[in-house]
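In the two assemblies presented below, subunit A is common to both, partnered first by subunit B and then by subunit C.
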Partner chain A sequence: MASTTPSEGFPFPREYFFPAFFTRQPNLTIHHAQLTKWSSLVLAYARHHRIFRLALSAAADSDLFYNRQLDRRLAPPDIREVVDFMRKDGRAEYLQPGDAAAAGAGAGAGDVVLIYWRKPQEWAVLIEAYVDETAQKGSVLTVYELTEGENTRGTEFHGMDNGVLMKALNILVKRGKAQIFGSEDSLGVKFF
Partner chain B sequence: MSRKGVGIAAFDRSRITSAQFASHGSSLRATNAQALETQLAVFRSLLQQFAATHAKDIRSDPSFRAQFARMCSAIGVDPLASSNSHNSNSSGSSVWAQLLGKTVNDFYFELAVRIVEVCGATRAENGGLIGLKELRDRVSKGRMEGADSISDDDVRRAVETLKPLGGSYAVVTVGRKEYVRSVPRELSTDQAAVVEAAQVLGYVSVSMLRDNLGWEVARCKTVIEDLMAGGMLWVDKQTKGEWEYWSPGVMADTDGGDAGP
Partner chain C sequence: MFLKHLDLTTALRPLYLPDEVLLFVQDNVGLYEGKYKLPNQQNGQVYLTSHRICYVDKVEPRKQSAALDLKEVDRYEFYAGFFKSSAKVTIVPKPLRRSALHNRVMSGTGVNSRHSTPSPTSSNDAYAPPSGPPPASATWVCNICSFSNPVPSNFDPAAANAHTPLPPCLACGIKPALSLVLKAAISSASRPSPLLNPSQPGNINNYTFSSASAVTLGLVDPFATPSEQGKADAAVFQCPRCTFSNHPSLLSCEMCGAPLLSQDAPSTISTAEYIRILSQSPGPIKDTSQGAVDFAESVKISFRGGGEKIFYERLKSAMTQRKWLLQDAPPAPKSSRMADDNSSSGSPGTPTQRTKTAGIAGLEQLGLNMRKNNEILIGSAFEDLEALMTSAKEVVALAERFAQQVNGANADVTSKENTILAESAHQLGLITTKDIVGSGGGSDSLYFSELARNLAEFLTDDARGVLKRAGGILTLVDLWAMFNRARGGVELVSPMDFEKAAQMWESLKLPVRLRTFRSGVMVVQARDRTDDATIRSILAWLQDLHEFPPDREVAWDWREFGRGVTAQDTAERFGWSLGVAEEELLMAEEQGVLCREEGLEGLKFWKNYIGKTDIAVLQKREAQEEADAILRRLKDTGLI
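And then the complex of A and B:
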């Protein structure tokens, strides 16, 4: 998954070309600034490539955390620190083994992180707006239709990760705006 | 040879003469002052005229603005000297404000606000020491499309306007580079030397300082640690050799698509 040129269309920010950016800074203030920059880099990168879940062990070798041009990389413990920082900000979440989102996750728990370049609440708002705009309140949609159907082509959540989608839908359920039924493979959603 | 009076009348005469000299002197002084006053008034009105005609140029052309500001300071008019009241009545505001209906004046104040913003936003990563050019670039980038361009001179002037606020904003020169400092911290001679050394390659290392400045290793380490504690250097431990200490200003110099250092 890692190419030698850190390009693939994603414009890396300047700090990505700053060698010391890849070393954990001992000064607390700087360290905080460093985490903030890493966090926004990860989010921008994930948004650009539409990455919803990140396997940390594999990502450590990807150009996100490994600048081959400079031969500098962010060490795995430091990556975890960035993820923890993002979690506090509500921008990332470890995949829990029992979690509904874990269904279909290949790698073990604790390694895969959901990256929220949009938070589930924000996704929920988008989906609700779509349902509203297309006058599908009261009708039933399958989960598959929402993310893979022809009608949602062009919307932001087309092709989105199922785990994140379920989190977003559950938020709507809690608000009494939707109802989920059906079994594992053929989930349907009714919107109100 | 005329013989001056030796009688008692001579005293009278000399008194009269000195009185005449005095009155003549004061009238000369008065005319002089009057002439100066007229000159100043003329000059002022000309300056005003000039500023009014060229207000657009002054606003839009950084070098023109710098020239105008230099002209003002050459004749002892501090264009930015604003009295305490901030409202627009003519006596209370600065020359800029009087001349240009506040627009140029506001230009500097707005610029100063942006400078404070940028300094605040970057303080965590550079310890409150930011290169003047970098600051200018960042400020320019944050401006609206089509806004007037900003020169280094403008930044210097805008930083000047911040002085009365006591926020320790100042332009400092280290080596050949100018910085804007936004923390109340003076660099020691040693620290300045290291900051200057880091301008060359973007980083320094202990052996580099030892060899080039002839310092003991302990001294090099102390200064580096001080600067690190102040947030003005970032450590890079992945050098496969000696650690390098990078000046965060480099982050701004190397552009995203660039090959880096």
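And then the complex of A and C:
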């Protein structure tokens, strides 16, 4: 889904047009800088296009990792390295193969990555603030309502990925601020 | 001074004179002047060449090094060493006769007569009573064959005893009795003047007064006097023995053959010296004063690390060969055949040769003549070994010219290189070989250090420009090949020795250094060429690429990023070899200045626009991660 999104309007950073940026640097310090820049580029790109999950095999051909103008691309192993780097930073997560959410995402195991341009904790804070603001504490909301409902239009988490949302909600549950119930299709959340 | 200042090469070896040949090197030597150690010259190397003995100090080579010319050496003695005193070779300088005479006068009269020396009037004093007798004018008559022999010039009646060596009679070879010679010497000394007795100071005072007053009062112009008096003397040069009036230019009496003493040049002086002094006779002031000051004591070289025997042997042969005389010797007389050929072949063609030819015909004629000359030269040179040796210089020059012409015909890079090597091969006459170097306690370290210096000279020689041609950097293997080729196939250096020598550059503080790249490639560089300098030059080049558009359209903004360069580009740009260029680029990458791009066109290097993270930050991060991992593991095991 993300891979097909056109990238018009996204201001790519300067390095994106630097041919050597697409080659893995053997020098440790340069390599680290390279990873940092790539990770921030991926996050900015994902935020711009509101991408929550990235299928790596497909993304390799997207504008993100493939600069058609220069005819330079980041090789798949290098993409994985970037993702790993982001994972260490808490900015990305592989979808577990057994995870139900991964089922629809296409390719093989470990191919799909959740991109946390906002970390689940941050999402949790946002949702809590929204609930607080709209005085819905103690009431029950469906998960669908939260992401697709009329009321959340204009908030950041409108149209949010389900998997990420569940992670955020689970954090709230752990803190004792919410409770999730219901079955697969119709999940409900009660905020305290 | 007997010991002169010595010019050193960049590699801190003596700068050789033309045609000078290195004969021997020995380290761990010290210098003595007379009996005393020279405090600053106690640890160094001695270089024996065909012309000189050079001492190069180890601690302060530029300041303390000294040399003495073999041509000024009178004799040399060997002392084998005894218990703690190490073996020594004593070198006695040739005394300038003038100064020797002075010394004798000084010791004989006990009065410093030096204030008379600046005045040329003293030249007459050799005849005049107070300054002592000219010793060589004395004769003793052999009582076997009654031949009148000259008393030896260094015979001092005051110091002579039974052990003084006396030369035998020139006619019959029987040694005279000491008393006979003594008597002769004393009588001859007293004949011109009976006043030689040192116990008559009045006379000396008189003399000094008169000479001093002559100068100070200006009664006699000190500069005009000698020539006038010289003229007066010149008219009648009376033989001291038979009183025959000789022509002034004669060196010995026409009548009796007794040596004629010039006023200031004693008889035993060499002819060349004599002529030199004569030619300078109007102003011998400098000469004499120098002579008095110049008298230096003998120099001793103390061999603490052995090698004295070989040194002595080579010194002996060098003194016998007297190569310094050849330095400006006239070329060997041409053989008769050459002259014959010249005349026979030249006689019909002489008019055309002499006529001023012009145009192509003239050039052809010129070439023809030259070829004919060469032919004659070669023909005569190879007639026999003797001839070859005498005309060696010319033949070598000829061979070099031929080599140049051959290479000039097909002028590509390699042949150019060969020319340079061929040219330089003969300059490498001063090569270091194992037999030149003394064995310093059985180890080869001296050989290696000499080889290292030799290499450094080879590299830094401006005329050859080995390093410059290679862009200031050269792989050790290339240098090894080049060096051995320059040696012309003899005395080759083994790769092991070569590497060991190259590794000594650092410790010897020579202007070149050996560098090992990460890949293990060893290169040779000038000392001032550091990594920083290399990086600077690469960066400047890459910066230039921002200004000049690339050859073809490029997808990126070349004004902003410039262009990626391959090792090939770099090698071409800086004149390095490909391997060196690659290593230098990798080095720059490792420093974080360049970054790489691997693409279809190969490995390219760019200026680092990715930026770099601080090493400290990186390390901190790693440490943090490690700590986190430990914490996590502790948690997992339930300890926390």
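Just a few scattered comments:
The working rule: the second predicted complex is superposed on the first by the 176 of 192 C-alpha atoms of A that agree within 3 Å, B and C clash if a C-alpha of one lies under 4 Å from a C-alpha of the other, contacts with A are read in each partner's own complex, and residues count from 1 in each chain.
Keep in mind that, in the parts below, a residue touches a chain if its C-beta (ideal position, glycine included) is under 8 Å from a C-beta of that chain, and two chains touch if they have at least 3 such contacts.
Bear in mind the structure is a predicted one, so any value in this text is a computation, not a measurement.
After superposition on subunit A, the partners subunit B and subunit C collide with one another. In the superposition on chain A, contact of A:73 is made with subunit B only, not with subunit C. Of the two partner chains, neither subunit B nor subunit C is touched by A:144. Touch criterion met: A:30 reaches subunit B and subunit C at once. Look at A:15: by the touch rule set out above, it reaches both subunit B and subunit C. Of the two partner chains placed by the overlay, neither subunit B nor subunit C lies in contact with A:192. Residue contacts after overlaying the shared chain place A:88 against subunit C, while subunit B stays out of touching range. With the shared chain A as the reference for superposition, subunit B clashes with subunit C in the stretch 602-610, and the other listed options (8-16, 404-412 or 602-610) are free of clashes.
The contact surfaces that subunit B and subunit C form on subunit A in the two complexes overlap at residues 14-15, 17-23, 25-27, 29-30, 32-34, 36-37, 69-72.
Contacts from subunit A toward subunit C in the complex involve residues 14-15, 17-23, 25-30, 32-34, 36-37, 69-72, 88. Looking at the complex, you find that subunit A touches subunit B at residues 11-23, 25-27, 29-30, 32-34, 36-37, 69-73.
If you check the complex, the residues on subunit C that touch subunit A are 555-557, 560-561, 564, 589-590, 592, 595-599, 604, 606, 608-615, 618, 625. The part of subunit B that touches subunit A in the complex is made up of residues 124-125, 127, 203, 228-229, 231, 234-239, 244-246, 248, 250-252, 254-261.
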